[in-house]
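I have a structure I would like to understand better, so I am pasting it below and will then ask my questions one at a time.
Naming follows writing order (A, B, C, D and E), and every chain is counted from residue 1.
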Amino acid sequence: MSTTDTSIKPRRTNRRALAFFKSAAGFVVIVLTTYLGLLAVTFFIGRVVPIDPVLAIVGDRAPAHVVERVRQEMGLNLPYYQQFILYVKGVLQGDFGTSVLTTNPVMTDIRRVFPATMELATVGTIIGAVFGIPLGVLAAVKRGSLTDQIVRVIGLVGYSVPIFWLGLLGLLVFYAKLGWTGGPGRMDVVFEYTFTPVTGFYLIDAVINRDWAAFRDIFSHIILPGALLGYFSLAYISRMTRSFMLNELSQEYIVAARAKGLSETRIIWGHALRNAAVPLVTVIALSYAGLLEGSVLTETVFAWPGLGLYITNSLQNADMNAVLGGTIIIGSVFIAINLLSDVLYRILDPRTRN
Amino acid sequence: MTALLEVENLRVSFPTRTGVVEAVRGVSFTLGRERLGIVGESGSGKSQTGRAIMGLTPEHGQISARKLEFNGIDLLKSSQAERRALRGGRIAMVLQDPKYSLNPVMTIGRQIVETLRTHEKVSGREARKRALDMLEAVQIRNPERVFDLYPHEVSGGMGQRAMIAMMLVAGPELLIADEPTSALDVTVQLEVLGILDQLVVERGMGLIFISHDLRLVSSFCDRIIVMYAGRIVEELRAGELANAKHPYTQGLLDCMPRIGKDRHPLPVLDRKPEWAL
Amino acid sequence: MIPALEIDGLRVTFEDFVALNSVSLTVAPGESFGLVGESGSGKSTLLRAVAGLAPVSAGSIKVNGKLLDHRRSKEFYRQVQMVFQDPYGSLHPRQTVDRLLLEPLAIHGFDDTENRIVRALDEVGLGSGFRFRYSHQLSGGQRQRVAIARALILEPSILLLDEPTSALDASVQAEVLNLLEEVRAARNLTFIMVSHDLAVVTHMCDRLMVMQNGAEVELLSAADLVGGTVSQDYTRNLLVASEGFRRD
Amino acid sequence: MSNTIMTRREWLLTDRPQSRLQARLGRAYVTWRRFSANKLAVIGMFLIIALVLVALFAPALAPYSPYTGDLATKRLLPPGTEGHWLGTDDQGRDILSRLIYGSRLTLQVVGLVAIIAAPIGLLVGTVAGYAGGWVDAVLMRITDIFLAFPKLVLALAFVAALGPGIGNAIIAIAITSWPPYARIARAETLTVRNSDYISAVRLMGASPWRIVLRHIMPLCISSLIVRVTLDMAGIILTAAGLGFLGLGAQPPLPEWGAMIASGRRFILDQWWVAAMPGFAILIVSLGFNLLGDGLRDALDPRGSGQ
Amino acid sequence: ATPADTLVQAWAFDDTITLDPAESFELSPAEFIGNSYDMLVRLDIDDTTQVKPGAAESWEISDDGLTYTFKLAPGLKFASGNPLTAEDVAWSFERAVKLDKSPAFILTQFGLTGDNVAEKAKAVDETTFVFTVDKPYAPSFVLNCLTATVGAILDKKLVMEHAEARTPDADNKYDTDFGYAWMKTNYAGSGPFKIRDWRANEILVLERNDNYHGEKPALNRVIYRHVKESATQRLMLEAGDVDVARNLEPGDLEAVQSNPDLISTSAPKGTVYYISLNQKNENLAKPEVREAFKYLVDYDAIGATLLKGIGEIHQTYQVKGVLGSLDSNPYTFDVDKAKELLEKAGLKDGFSVTFDVRNTQPVTGIAESFQQTAGQAGVKIEIIPGDGKQTLTKYRARNHDLYIGQWGMDYWDPNTNADAFTSNPDNGDDAAVKSLAWRNAWDIPELTQQVQDALLERDNDKRAGMYQELQQEALETSPFVMIFQQIEVAGVRNNVKDYRLGPSFDSNPLAPVSKN
């Protein structure tokens, strides 16, 4: 009879602290090596791209001596490894160099374009999650029914339709024909010179400025591309939710919950979904990261001055500082999102809280 | 003694792609405020019998019975909501493995409280107190602490006790325990049985105890039902195990090695097709 | 005589959890040796350490007089084989019985595989009707027979048995136990057998070791156990518990 | 008649197969039955089969040449025009014929990516998962780097480096799509590496390579197949995305994505130029998705059983 | 809807990488600079062979043709409020020459160097600026060059306030950066508008300059929004969220034209499109092949479809409207003729070549059409699509077979295109001057000399005749298959008045535009 209390796991604080440091150190190593890899790969790409970076600065018609001078100024005549070392040195000092295309320091540009993309991706993810999760749950609960099939087809269509296609169609219908939403861009020009960005997230800025007219306008602009991205993340989220829910619903603890006399609603939303939420966090995080990086086409269609467009444009002009900077930002966000989803995972799943 | 539960000609079947699987084929018994054991080998339909009484048969399963009455309530005719109100309130079931049958992301305390508040209108504080009392009743030394632990943080034995507490907190009149101890160590197993026994005695609860261990059941229960291929092949009083008539029961008893009895080779069960008819 | 298995001061740690602490034992060739104890006492770990599946941090293991080093050689596996506790988890889900039995033969370059497989199946009483089944087409007892056949096909001299019957029904358990006894007699095998069921261990083994918390509690013979001549309270508790529920 | 069918069925379904072949066929049959019970999945399969057939018999099916049109007189004819049921594009080419020939490219893209990316992912994932330690760390770091990379940028960069063209687009997509497979394979490997049946194989003295190649990989393949078929739609769309950015197929190849890309200029007035290949992509990726879903349910015993 | 005092334009201006007139050499910034800075003289958009006064009221040319004396209008002011004097003009020239960025050659070709610029571009007094050239060039040439944006007049005082000090070294001989860093994104001019805000690839805002000496703009503001897609631009125009859409493709243009709320306006631009044949490829080097290719373009079909409204067929390399432009389109699509020529060249069975094509319209469409039509004569063309900069990199390295390119004039004078298409002083791989003729390895010493001569011809009519001869020669023998001249179009909402496009990008005037 004495085994009762000793069978509770001993919690030794020093062990936990050690484990914490170990995992923190491991994390730092992971981040550092990932960064270095990112840098190296991007750098390599920058060198193999058959575009003369000088061209972007001086244009096609510059005299030969100007071309040569600029090439030297950019350090492009140095051996590759020296260029790489120089670059890494700069990055370590927080200097990502200057973008050729915009003439701004890359960091300045990114501070401008990244919030645009992030705001869009956030709205998209919120829409995707708010609609995707209930749909997924519904499909799982009514597995095999018509509802299930409909939800699946909605999701599959989301997986299968080219985004730029839907985007233009959406613009045509909701903006041009019906006039329900704002058009391309982040807001109407009327606000361009009255509105002062603070954080770069315009919705938030409008709230900070208490500029409700601007808020309405910004919202009407973001809702269409946001809904579009939201649909794509909905496709993914609802599908994964369905699969996680099916898994949870087949667990013994669901039977136990029924044996307790709980209502189905409570079992589904309180027990099964609460458990499915654990892996769902990762899914939502991944889909968020996907939206951050995968919105080039949406940004083109909606003239959204975002990161995807910035990177693509830079790449096409061999503006490698900008490409590297953008990639590192996306990489960092990816790492940060991974970290965040790990933390959330830990919060949501007591089994991993050691 | 009035019958708490009456089961007559209970059948459970599952249509599958390869034909209909008849898991339970005409089981009948009555239960008073006593300990009834159900034994039988794997797949003989013990769990499905228990689940059918609870109303927990998987969706695609089909149940039929001539009579399925709990305390005069016809379970076959009652609505989903009525069944739900009974479940966990007046009839409870302890599942086999605490590792899987406790919700891993909810503290043990909350899971117990949840049962209580589903069936009784009680304040949060009151519910907590009752849950703590219940934990104490199942011999948990430090209920306050265990209340806030997650299932993975406790051992199997303690988890099983928590499960029992969760099922008993609303004070059921009938408890179905489906192999509640097979995942546990011999020593812990006995502790858990001790608790169940005490509850039956103290609360006057009816207990259906499902197990495949004939010897354990006979030492614990008042009456034993032996199932084979979805049917009851024999019903015995616990003391009369030695006089079992059915060759299956006899074989089950016989084939277990026993300390002090040196039999090499062990006698094995020779299944006859006619048993399953 | 050289002992079949000689373990000295064996210690196994998982990260900083000590699963086995300085365990020593000796098993003679042809002997059947039992390990009992509560869950988590390190019984399986001991077997796995011998088989090279658990990280040994101290101590030595000798098989047939030969000291084992960290990496096990191919010859070692021809001498020592293991049968696992869970027959549902120890057979590859995507392989037929045939494939399962062929694998060890292929690894060790046996010829005459056809005959060997047929003979092995016969030996465990399955016959060739089971040869091309997948594991999900077998019952628990049949699976355990296949597992035994797989262990025997390399003709080892030592068999490590980790609760080979605890997942089986009593009636099936009897069949498997009988089979094990048979092959032991036929091949003069050495058994090291883990079980939490004292009755099974006394039925099968000559000597046994009681374990608790990764350490030895006591070493005794089956006869001692039957006679109740045990020196430790812990063993006594086990013995009492194995008799079933007692209302007091 | 029905008798022989019954017996063939029984022969397949028997739990006592007499030969390796029968065992394998029986298993395939069971999977097939599970699969074919799912109507949507069967529809998906037929869509894919239709795609293959169209690709095979393109020259016989296509009414016109996919490459030459008539700029002066046949440009941008609407669907339903006599002889051009799906209309013509901005070079006056028959869209139906281009779609039919384009199915070959689509298949090629999808097939090659699957052949390149899936095995890389499988190998990296299983080796990392089984070996553990520094091998795992190194391989997973590489995987992470590729994962953390903006995918389209990576593909764009590779295409830019290798030169545009359908072949290079395929390589670029393959390079960007293996990391998730590696992740999946690794996760699955981790769950099985300590299982008893893998321990049993180790106990036979099998080398790590043998274990990975012959025992672990076959286990990961089914979930990988499922994932790959589900990704097919994404692959077509990525190829279309590259086409959209002008880095996919070379003109005048009738690659669907490239067709949409060039058709998007007319989307507001001559909607069919982009819509027809859009529908084609939609249908094919729906087909792959449905097939993938069906395969998942059929191959994953947990999903169906109870 | 857009504010009444603001003109909003949707335009793809991602080529703007600097706002500094001394460095900017792209198309879109030319429009911004043209509307916000003064030059000494401006192109007369009503008679494009003439220049009209800008900041200079009048000018005189010495008899030897070497000295140009400009008289500034009195009382000019910069937007900053600083007075605009001849000193500012001289300093702007000095700055451009010393910075020596891409467009500086437009000035330095007159013999200006960092050492002599102070002498050769000099302020005599507050309102008199004297410019001395090294040879007696055709005056039209000199004046045309001075209309280029590199000749924009900068506010010396303002710029120098933001200049950064430098320590002179081997690469950089000056102790200041001439405000180079600041000027990339800032404004120091005196034009009708001032540049208020520029966010790359997003927005550019012009605001009325109240200090402007000429007629004041009717509008307070002009906002450019960067929108890449033609369809998107059209939707925004139709919805009234922009007043002008600048990158409409033929289909969208047609829709605009048929919409009663919208009008369209267009102007031929100084940009020509051509297919060039690298003479390093031995097949393409054959004169018959060069000629045959000129018969293999389906000019009529292309003109009627792909270029409808945005370009017109134009087979000579000088654009319409420039001095000495030859209006002659002798070639038509003629497969038989081409086959005949190919047979003469010994290529009866045709041959295969690669074709580097940018991924933009209409060049891709033209390339595809050419691929089909050339195929009819047995010429198998493999199109290598690429991003603009990518194909250009290859082209500049002379690694192509066929290339379809676009050439915009550097300044509004026939010399710029003559120099590009028919001048190749050194055909060696490491030549100092890499003209288009060089890029296609077209070795033409005589034509090169003729271009030089035309530059010094001071009689305008004779000069024009010389250029026409050059064009005729190129038409017959050059490896350039000239296809069309670009027409710039804009879709405009019909409440916008006086929106006009000029012949060059720096001459799209915004000041007269008003809305009602």
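The criterion applied here is as follows: contacts are C-beta pairs under 8 Å (C-beta built on N, C-alpha and C of every residue); 3 or more make two chains touch, one makes a residue touch a chain.
Fair warning: this is a prediction, and the values are worked out from it, not measured in the lab.
Shared contact partners of chain C and chain E are D.
The central chain here, found by comparing per-chain C-alpha centres with the mean of all protein C-alpha atoms, is A.
Chain A and chain B, compared by their mean Cα positions, are separated by 50 Å.
A straight line joining the Cα centres of chain B and chain E is 89 Å long. For chain D, the set of residues that touch two or more other chains comprises 160, 163, 245, 264, 267-268, 306. Annotation for chain A: residues 49-51, 168, 172, 316 touch two or more other chains. Chain D makes touch with chain A in their complex at residues 40, 141-142, 144-145, 147-154, 156-158, 160-161, 163, 230, 233-234, 237, 240-241, 244-245, 257, 260, 264, 267-268, 274-275, 278, 281-282, 285-286, 289-290, 293, 302-303, 306. In the complex of the two chains, the chain B residues touching chain A come out as 54, 56, 84-89, 92-93, 95-97, 100-107, 114-115, 118-119, 139-142, 145-146, 149-150, 152-155, 157-158, 163, 166-167, 170, 187-188, 191. Chain C makes touch with chain B in their complex at residues 38-39, 140, 169-175, 177-178, 181-182, 196-200, 202-204, 225-226, 237-239, 241-247. Put simply, chain C touches chain D in their complex at residues 48, 51-53, 72-74, 76-78, 80-82, 84-86, 89-94, 96, 98, 103-104, 107-108, 129-130, 132-134, 136-137, 147, 150, 154. Chain contact summary for the complex, chain B toward chain C: residues 41-42, 156, 184-187, 189-190, 193-194, 197, 212-216, 218-220, 251-252, 255-260, 262-269.
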